[in-house]
C-alpha cells in the first residue's frame, strides 16, 4: 500500500480517536505514538519518492515531488518531536491548573488535526484543496491559541482568526482567478484545470494579466500566513498566547507550509509572466519583514513574542531568497526553511521550560537560567546562537548562501541584509543575556524538562552546518532544479 | 491584450443572462446596504438576502450554462448562507442581548463614497481580465472583487465583532460569486471543502463571541488591544 | 684582523676617556657657574673628590629595599657606559658604534631611566614616587623630540649609524642646512631637559618640591649614589658630545692615526669647553620653571624638530 | 610527520582537551591534569607544525569532505599561517602550564551569594566543564582560522573563536560588569564578522567562488579593491582592537579568567592581524599606497590613544588590555608602511616593514601573555585587580615579580629585550622614507615615527607605574601583605615566556631567518640583508644604514656587572639596614605612597583633551579655616564610546520605537493594512 495514505490517514484517524479519549495522560501517549508513526510513514514516502522520482497519485489528487516531500518529512519529524515535548509540558500545565482535561481533549485532537491539515496542504495537487487545507490549519489552531481562556489569549485568537481568515479569503480569490485563467486556455469542460501539475505544464499559455492579479491576491493571502510585514500582526500574538507546543509547530511548520504554497504559485506565475514581477514583490516583502522584525526584537517584554518576531525575520529572509530566484538562492532558501524550523521549534521547546520554571513569560522576571537549570539555560543559549546565524550551526550556512546569492545578483542589497542581521542580533541578545546569566530570583526552581527534542534538533542543525549529507544535498538539488530550473554550481 | 474584446450589448443577451447581471447588481447593492446599516439585526437580514440572491444567481448560471453541479452548490448556498448562518447569528445576537445595539459608524457617507470608488477601481483592475472573457458574465469578476473589498471595508469600519463576522461572510459570498459567475463554479470537491470551512468558521465565531464577551464583557473589538507594540 | 683588534682596543680606550672625562666636564660647568654668579669656585676636580668620597663610604640601605634598589645603580651606570662606548668622541672609525645606532642609544637612556624610576618607588616614600612620576613625564615628552631631531640628521645622512653619519657630514663639507639649525636647537633644549638642568630641573637643590631627578635618588648613598651621579655626568657629556660632534664634526679624526687622535681629542675638548660656557650662561640667566610649564618647553622643542624635518623635506631634497 | 598533519593534531588535541574536561564538574582533576596536558600537547604540536612549515617553506593544501556539496572545506598551511600557528602554540603551551594551578580558583565556591539554589551542590561552583570545553574550542577555533583556505571555513572558525571566547568572557557572569562586557563583545564581534564576510563577498564576487585561490585570481578595479580593503580593515580592526573600534576590548579581555585574558589579548587579536595580512597582502593583490597611509594613520592613532588610556587605568587587567590596543597600533603601523612601500614600488623596504610587523606580533604575543599571567597570579593570591590596593609584592612573590619585571621591560621596548627589537625595526622602516617620491609621505611618515617614539616613552611610563605601584613600595592592603608565591606550574608558565622575551630580544637574527619564507611568499623577496653579517648583527637594510647587535649589548652589560662587582663589592663591607631616610620626615606608612592615579596625574594634565575626565573634589568644611574631610573622585571615560557607539545604539532604539507604533493592537487597523496593501499591489500591476 502507498505510504502516502498512511501519512494522511494516521493523523486524521489519530485526531478522531483522540477526540474520544478522556484521560489526557493516555491521550498524550497516543499523540506521541501517532506522530511517531506518521513520521515513520513520511520517511518511507520520502525514500520512495527519492527512489522513483515525482509521483502522481492515480486520482491525480496528490502530487509528490522533491520539493514537498522533504517538507512532508520535516513536518512529520517536527510534529513528532514536539509531541514528545508536549506530553510532560501539558501535564505540567494541567497540574498548574491552567487547562482542564476537557480542553486537553480538544488540544490533542486538534494537534493531530493540524498535522493532517499541514500534510494535506503539502501533498495535494489541487490548488483548491490546498486552500481548503490552509484554511483548515487556521481553524484547527485557532481554538488552541485561546486554550488558556485568558483575555489576552482570546484576543490573540480572535485576531489570528479574523486576519488569517480574511487573508486566506484573498488567496481563494486568487485561486478562482487561476482557475479562470486555466479554463480560458484548457477549455471549460475538463475538471482538472485546478491541478497544479496541469497548471504547471501549461503555465506558459496562461494569460499573464489574470495571473498577475491572481498572484497579488495569493501573495496577500498566503503572505498573511507566512507573516510578511505588514500582514504579520496576528503572528506574535498567536505565538505568544497559545500553549508552547502550538507556538513551536506554528512557527516551525505553518509558516513553512504557507511559504510553500506561495512558492508553488510563484512557479506558475513565473511560467506565465516571463517577468520577475513575482520575484521582485517577494523580495520587497521579504526584505521589509526582515528589517522591521529585526527592529521589533528590541522592544519585546515577552519571551515567546520575541522569538516569534525572530520567526518573522527568518521567514522574511527565506521569502527574499525565493524572490531572488536562481539556483543558489533557492537552494539557500530551502536549506533555511529546514534549519529555521528545526532551530525555532527547539527554541520554543526550551522557552516553554524557561517560562515554566520562572512561572512567567515576562523577560524581566526570567533570570539566571544557567544557574537554576543548566540544561535549559545552555539549550536556550545554544538555540539562540544557532538562530542568530553563528557557525557552525546550519543557519549560518544558509544565510551565508543567501548573502552569496545576493552579492551575485543584487550587490547593494547585501548592505541592508547585513544591517538587518546585526540589528536583529543585538535585539535578540540584549534580552537573552540577562535571562541566561546572572543570579536567579528567589522562587525560580527547576522543572521536569524533556530536553531530548532540543538536543536532537540542535544536533541536526549542527550537522547541517558542518556538512550537508549527500542524500539531503541531492534532495535539495532536485527541489532547486524543480523550482529554479537549474542546479547550483 | 493581444485579442480583441468581444463587443456585447445587453439586448442581444438571453433573458436569463440579463437576470444574472441584474442579480449581480443586486448582490453588490446588498453589500452597500450592509456598509450603511448601523443596526445589528437588520445587518443580519441584509446578509441573509445577499445569500438568497447569491443562490438565485447560481441557479440562473446553472440554467444558462447547463452545469448540473451548480444546482447543488446553489442549494448548498441557500441552506448555508441564506438560512443556517443568518439563523445562527440571529440566535447568538438574541442570547447576547445586543440585537438593539446601534453602533456609530464614523463618516457613513464617506464610507459609502469610498465603496463607490472601490467599485470603479475594481472595474479598472479587472478590465484586462474582462476583455478576454467570452462569457456573458464577463464583468462579474469586477463585481465580485468589489464585493470582496467592500466586505473588507465593512470589517474595517465596524467595531462590533458581529459586524466583522458578517463582513467576513460577505467576503466569502464575494468569492463564491466570483467562482460561480466567472468560471461556472469550482470543482465539486473544492466547493464542498469551502462550504465545510465556512460552516466551521461560523461555529467558531459563535464560540468566540462568548469567549470575548466573558473576557471583556462586550463585543467591541476596539477594546481588544492588550497585545500591541506601543510604549508600555 | 689586527686592524680590527686595534679598533676594539681603541674603542675601549675611548670609552675610558669618556667616563674619565665626564666628571671633568661637570666640574668645569660648576666652576663657570660659580664665576658667573660671583661665588668662590670649587676646584675643577671637585667631582672626582666627591665620587671618591662616596665610593669609600659604608652603604646604608632602607629596611625594605629590594634587589631592584640595589642593582639599579649598576644598571644605570652600565647603560651609560654602553652609550658612551658607542658615541664617536675623537675618531670616526669606531667599531662599537655599529653595536648600537642612535635609536639604541636613546634606548639605553630610557633603560637607565626605567630602573631609576623603579628604584625611586621601591622604598615607598612619597618623594620617590613623585620623582619617578615627573621624570617619566618629562622623559616621555623629551624622547620624541630627541628622535625627531635625530631623524633630521639621519634623513640627511640616510643612516642612523653615528659614525657613518658623521662621516657623511664631514664629506659634505661646510653646508648650511636650515633643517640642522632647528634640529640643533631642539636637541639642545631636549638635552637640557634630559640631563636635569635648569630650567627643567635644578641639580643643585634638594627638598624642593619641584625637583625631579634628585627626588628619585634621595634614598641612595655611598657607592650607589656615586655610580648614579657619575652616570649622570656621563649622560651630560654624551649629549654634549652628540651636539658638538654631529653638528660641528670638524676636527674629529677619520683614521686611527696617533696624530689624528691627538688632534681629535684637542678638538673635542675645545668644543665641549665652549659648549659648557654656553650652558653655564644659560643656567645663570634662566630661572627654573614650574613643572607644568615643562610640557610647553618640550612641546616647543618638538615643534622645532618637526620644523627641521619639514625644512629638510621641503628645502633640501631635490625631488 | 608533515606540518599539516601536525596542525590537524593540534586542532584535534584542542578539541579533545575540551571534551575531556566535560568530566570536570564531577572530578576537577579531569580539567587540571587531563584537559590541560592535552592542551599543552596541542600547543607543542602547533609550534612544531609552524616551525617545520617555516623551515620547509612549502605550501600544503588539502580538502575535507565537509561544508557544501560543491564547496568542500579547503585547508592550507603556508609559511604565513605557520608563523602565526607557532605564535598561538607558544601561548597555549604557557597557558597549559599555568592553567592547572590557576583554575583551582574556580573550584572554590563563588563568592557571590545567590538565593535560588536549594538544589545541586554543583551549582555553588562555577562549571569547570564549561571552562575547559570553551577553552578547547577557543584554541581549536584560532588554529582553524589559520588553516582556512576558503572564506567559508575561515568564517566558521572565526565565529567559533568569537563565540567560545565570548562564553569565556561571560564565564564569571555573577558580576554584572562581566555580563555587559560579554554582550558588548559578542555584538561587536558579530558586526565585525559580518563586515569581514562582506569583504570576502566582494572578492568572491570577482573571483567566482569563495576559495582563496579563486580570490587570488580575481582582478578588481581599484575602486572595488579599495572597498574590499576598507571593509577588511574595519572587520579585522574591530577584532584587533583598532581605534575607534576598540571599546569592547578593555571591557571583555579583563572579564575573562586571567589565562583566557592572556590568550585573548596575547593571541586572538594576532589572529585578526593574520586575517588582515592574509587579506591585504595575499588575496587582494597589489596594495595601493593610499591604503598604507590610512593604515599608518589609524595605527598611529591606535598606538597613541591606546597607551594614553592604558596609562590612566587603575585596574591592572584593564590597563593591560589597553596596552594591547597600543601594540596593535604599532603592528598596524608596520603593515601600513609595508603597503606604502609596496604601493610606491619599493618591495625591498616593504620587507623590512613587514618584518617589523610580524616580529612585533610575535613579541607582543609573548610578553602580553606573560603579563596577563602575571596579573592572574597576583589576582589569584590577593583577589585584587586595583593597583591602588596592591604594593610591595616583590617581597611576597619574588619569582612572579621577577618574571613580570622582564615582561614590563620588554613591553616598554627597552634594549636588549624583545619589544625593543621590533620597535627598532619599525622605526628603521619608517626612516627609509627618503627613497619615496612623494614629499607628503616623506614629511608625514617621520611624524608618525616620532609619535611612535612618544608612544614608546609613554609605555615605559605606564609600566614603571604598574611595576612600581603593584610590586614595589609597601603593601596597601592586608590581603596583599600576606600574599604567597604561586605554585610551581604557574611559575613555569610565566618563566617560559620570560625566557622567550630574552631569547627573542638577544638573537633576533635567528627568528628573522625563520620569517624569511613568509616575505618570500608575500613579496617574493627575502630579508637577506637583515642577517647579512651573521647572527651577531641585525642590519635590516644594510650594515651601512643601521645596525644593532643585541648579543654584544648583553655581553657588555655582563662585563660591566662583573667589573663593577670586582671593583666595588669585593672590597666593600656588607650594607647596613636602617629606616628609610625620606628626607628625615619619618613615620612613613603605606598610605603616603604615590598611587597609580597620582603617578599618572602629570601626564593626564598634559594630554587632558584625550580623555573624558570627570573629576570632582568635595570638601566638608567645618569652619572657613578647617576642612574636616576631602573626597576626590575621578572618572575617566573613553571618548570613542560616547562619540561613536551610544549614538548608533540610540538611533536603533529610536527606529525601533517608531516602528513599534505601527502595531497598535487594533484589529481594524491591521485589516486596513492588508486592505491597502492589496489595493497598492493591484494598482502596481495594472
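Labels A, B, C and D are assigned to the chains in the order they are written; within every chain, residues are numbered from 1.
We adopt the following convention: a contact is a pair of C-beta atoms (placed from the backbone, for glycine too) under 8 Å apart; a residue touches a chain by one contact, two chains touch by 3 or more.
Everything numeric in this text was worked out from a predicted model, so none of it was measured.
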item: Chain pair bearing the highest count of C-beta contacts; value: C-D
item: Between subunit C and subunit A, distance of the C-alpha-averaged centres to the nearest whole Å; value: 78
item: Between subunit B and subunit A, distance of the C-alpha-averaged centres to the nearest whole Å; value: 31
item: Rounded Å distance between subunit C and subunit D, as computed from the means of their C-alpha atoms; value: 36
item: Centroid distance [mean C-alpha coordinates] between subunit D and subunit A, Å; value: 44
item: Numbers and ranges of subunit D residues touching at least 2 other chains; value: 657, 659-660, 662-663, 667, 671, 674, 678, 682, 686
item: Sites on subunit A at which at least two other chains make contact; value: 158-159, 162, 166, 170, 213, 296, 299
item: Residue list for subunit B, restricted to those that touch at least two other chains; value: 125, 128, 152, 155, 164, 221, 224-227, 229
item: Chain pairs that touch, as defined at the top of this document; value: A-B, A-D, B-D, C-D
item: Residues of subunit A defined as touching subunit B within the complex; value: 126, 128-129, 131-132, 135-136, 139, 142-143, 146, 149-152, 154-159, 161-162, 165-166, 169-170, 172-173, 176-177, 179-180, 183-184, 188, 191, 194, 207, 209-210, 213, 236-237, 240-241, 296, 299, 301
item: Residue ranges of subunit A touching subunit D (in the complex, touch as defined); value: 158-159, 162-163, 166-167, 170, 212-213, 216-217, 219-220, 224, 230-231, 233-234, 277, 281, 292, 295-296, 298-299, 368, 370-372, 374, 385, 388, 390-392, 396-397, 400-401, 403-404, 407-408, 411, 414-415, 418, 421-423, 425-427, 429-430, 433-434, 437-446, 465-468, 470, 473, 477, 488-489
item: Residue ranges of subunit C touching subunit D (in the complex, touch as defined); value: 55, 58-66, 68, 70, 74-75, 77-79, 81-82, 85, 98-101, 103-104, 106-108, 110-111, 113-114, 117-118, 120-130, 132-134, 136-137, 139-148, 151, 154-155, 158-161, 164, 206-207, 218-219, 223, 227, 291-292, 295, 302, 305-306, 309-310, 313-314, 317, 319
item: Parts of subunit B lying in touch with subunit D, wherever the complex brings them together; value: 121, 124-125, 127-128, 149, 152-153, 155-159, 164, 221-222, 224-231
item: Subunit D to subunit B touching residues, read off their complex; value: 657, 659-668, 671-672, 674-675, 678-679, 682-683, 686
